[in-house]
Amino acid sequence: MIEKLMNIDRRIIFILVALAVIIPSLLEVNFPITVSQPTRSTYDYIEALPPGSTIMVGFNYGPSSLAELHPMAKAVIYHCFQKKIRVIGMTLLAEAATLGDNMLKDVAAEAGAVYGQDYAYLGFRPGATQVLLGMGTAIDSVFEADYAGTSLAEIPLMADITNYEQVDLVLDLASGSSTEWWITYTNTRYNQQIAAGVTGVIVSQMYPYLQTKQLVGLMPGLLGAAEYEKLIGMPAKGTEGMSIQSFAHLLVVGLVILGNIAFFIQRRQGE
Amino acid sequence: MKGQRFSCPVLVVQGLVISLLVLGCGLNAFAQDATTTEDTRLFDTAKIWIFLAVILYSATVVYCIYHARSGKELFIRRIPGLEAVDEAIGRATEMGRSIMYILGLGGVSNVATIASMNILSQVAQKTADYETPLRVPCNDPIVMNVVQEMVKTAYLNEGRPDAYNEENIFFLTESQFAYAAGVDGMMVREQPAAVFLQGTFFAESLILAETGNSIGAIQIAGTDKEHQLPFFIAACDYTLIGEELFAASAYLSREPMLLGSLKGQDYGKVMIFGAIVIGVILELFGITWMTTFFQRVR
Amino acid sequence: MRRQVPLILCFAFGIVMALTEFSPHPFSQWLNEEIIDWALVIGPFALVLAVATLVQSHWTRIRRRSEYWQYSFLVFIGMASMVLIGIPGGQRHEAFVWLFRYVQVPMDATMFSLLAFFIASAAYRAFRARTLEATLLLAAALIVMIGNAPVGDLIWNTIMPFQDNLPSTARQWILDNPNLSARRGIILGISLGVISQSIRIILGIERSYLGGVEGD
């Protein structure tokens, strides 16, 4: 029995995980969310910006991380539109180009934001280093036109934006190394303020930059989205996902405890 | 170094002459065109401390490399993950199954990918000897080309060009999860006896390592992405942690000059460790200049 | 010569790029950006190489009727449909967006979501309190997992009302302190390793990456 428990078939664990994800998504269970300091710092920074400020949002995640980062993107961009903060979207990943465009359009439609005045989407250009450094000199030297092909000179929002000097905050939504690129090339060289929202897998990697203040704020995965939604008082996908995350985490904790009980019994029997 | 036709100092002199010529001509041309608003300083004094640190550390490493040429034996601690390379290859050979070598998602300019290639070159020499099939699915076409040439050379050097099969080193896809799906599929179908996961890995690390674990392959992993290390440690038999990946080529080849660079690396660590200890002691006594100094360095 | 030219180029570009980092002079900045631009030029060639290799290897599989050769047709169908719609219609074309939204997104998300299953099975197998160090790691992992889900605070606040939200506070402390110091140590080691490896490459001591050039 103990031997069986120690070497449990991984397919049984997979079924349990599937149930821990499916059941809470069918039930409407909501848990109170405690906002962590790194997410609050992001919110506070944006909240303190005066109307008319500009935020550049980097959609640096692929379709695989969409479920985790889209709710976060939506919450922050909605917050910006509410505060009349202008949003410039772009991406360093080819596969994220369509994704960023759709997201901005959807949120703008909800918040009543107007393209060209409240937001613009520049799309993708290859060569992350060249793009990040190039925008330090002139954004239009890298993106001559927006995602739809309209020249930047014809977009009213871009009229008074030349380079990072006119951008109050860069928010990098990332599932890979892009936040480190922003820190290396724009924070170090141009003193650009940067905040990040990253997937749960890589969040612990970002803490050193938070402590050194190279990041002004950090949102950790779906939990970060739920925390931000709570801060702006608009519960959505992030908050909904918390019940699933809660049950899945409880299951893993339970499995680990069960495995250790079996391990101790087996060790005692061995002795 | 065997077969070396010209020495490193010659290379350094030739390289330096070219670099200085390029810089000199360019500076001269630009000095004539420079406008008054441009920053025409040759050196950014704000970066002086970083510059000095780079020079100091590089000089230490270079000194250790050339000092090691004297042939004096250098101690290098045992790295279980690298000791297990022979075991993994031996196991695959005994079982008559293949070895799968995964270089991660890094491009050819990525230092971790280059470190991985160095390990692969050593692995290839052994698989050539044992006639064990070596499968390398690549995520980057340029990496694939370099690896093909490198493995071919390794087989040639071992006198087994006939055992080399170019089709075993192939491009799969550049997409992260499509690559993971492809490699997982191959692992399940081909059941390799040993899997090497060396290079730059992101979220696909556990997907690959767990699949390798499920087929019972002996797995040796190593990455420069420290946030993926917990996944490898949980699912693989051996994991190279942090700089062990970069030490691998020196460890496996036992080449004195490469080993010398590891000694230089250790001196670098001693310097940083010393600065941390002194900083902590000073802070405890309320002396903050050192902390302030490091905070100001950009 | 076949060995000498790449090594000299590697040394020259390595040194020049390092020096341009410390010089704000317009020429230095121009040179830095120019060399990065050159590196970009490799991209299209790599794409051609990738497509050619992919077509060649799958065509060979079909021709030789290798194991599972039928799947190679799927590769061609997938590649052809994205290219035939994407190139004339562009990325904003309705059909391209449809394929992206209803084919690529779910497939990528499915692969990523496998992580949840694999994390659970790996955690069950690997998280055993075998030694004191393993027990400490195990305890830290459990606290972070509990603190990372709102249910942790809810349970704690219900049964232990004297200290509100302790799981999430403890999680944050672990991430801010032990996690951060351990990570810094590893990052420092990796960074020194990267610099050391780069010096070996620039000086031409590490040469295996040169591919066909005979190794040492």
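All chains are identified by letter, namely A, B and C, in their written order; residue positions are counted from 1 within each chain.
We adopt the following convention: a contact is a pair of C-beta atoms (placed from the backbone, for glycine too) under 8 Å apart; a residue touches a chain by one contact, two chains touch by 3 or more.
Since the model is a prediction, treat every value here as computed from it, not as a measurement.
The chain with its C-alpha centre at the largest distance from the centre of chain A is B. Chains B-C form the pair with the most C-beta pairs in contact.
Once the centre of each chain is set as its mean CA position, chain B and chain C turn out to be 15 Å apart. Inter-chain centre distance (chain A to chain B, centres taken as mean C-alpha positions): 30 Å. Of all residues in chain B, those touching 2 or more other chains are 175, 177, 203, 226, listed in ascending order. For chain C, the set of residues that touch two or more other chains comprises 39, 107-108, 111-112, 115, 119, 121, 123, 125, 127, 183, 187. Residue positions of chain A touching 2 or more other chains, listed in rising order: 10, 62, 64-65, 95, 201, 204-205. Listed in rising order, the residues of chain C touching chain B in the complex are 3-4, 7-8, 10-12, 15-16, 18-19, 21-28, 30-31, 39, 42, 46-47, 49-50, 53-54, 57, 60, 67-68, 107-108, 111-112, 114-115, 118-119, 121-123, 125-127, 183, 186-190, 192-201, 203-206, 208-216. Residue ranges on chain B touching chain A, taken from their complex, read 175-177, 202-203, 214, 225-227, 298.
Interface residues of chain C facing chain A in the complex, by the touch rule stated above, are 32-33, 36-37, 39-40, 43, 91-92, 96-97, 100-101, 104-105, 107-109, 111-113, 115-117, 119-121, 123-125, 127-130, 138, 141-142, 145-146, 148-154, 165, 168, 172, 175-176, 179-180, 183-184, 187. For chain A in complex with chain C, the residues that touch the partner chain are 8, 10, 13-14, 16-18, 21, 31-34, 36-37, 62-67, 95, 97-99, 101-102, 126-127, 129-130, 133-134, 147-148, 200-201, 204-205, 207-208, 211, 220, 223, 226, 242-243, 245-253, 255-260, 263-264.
In the complex of the two chains, the chain B residues touching chain C come out as 1-6, 8, 11-12, 14-16, 18-19, 22-23, 26-27, 29-30, 34, 38-44, 47, 50-51, 54, 57-58, 61-62, 65, 108-109, 111-112, 114-115, 117-118, 121, 140-142, 144-150, 152-154, 157, 167, 170-171, 173-175, 177-178, 180-181, 189, 203-204, 206-207, 209-210, 213, 224, 226, 229, 231, 233-235, 241-243, 245-247, 249, 255, 257-258, 261-262, 264-265, 268-269, 272.
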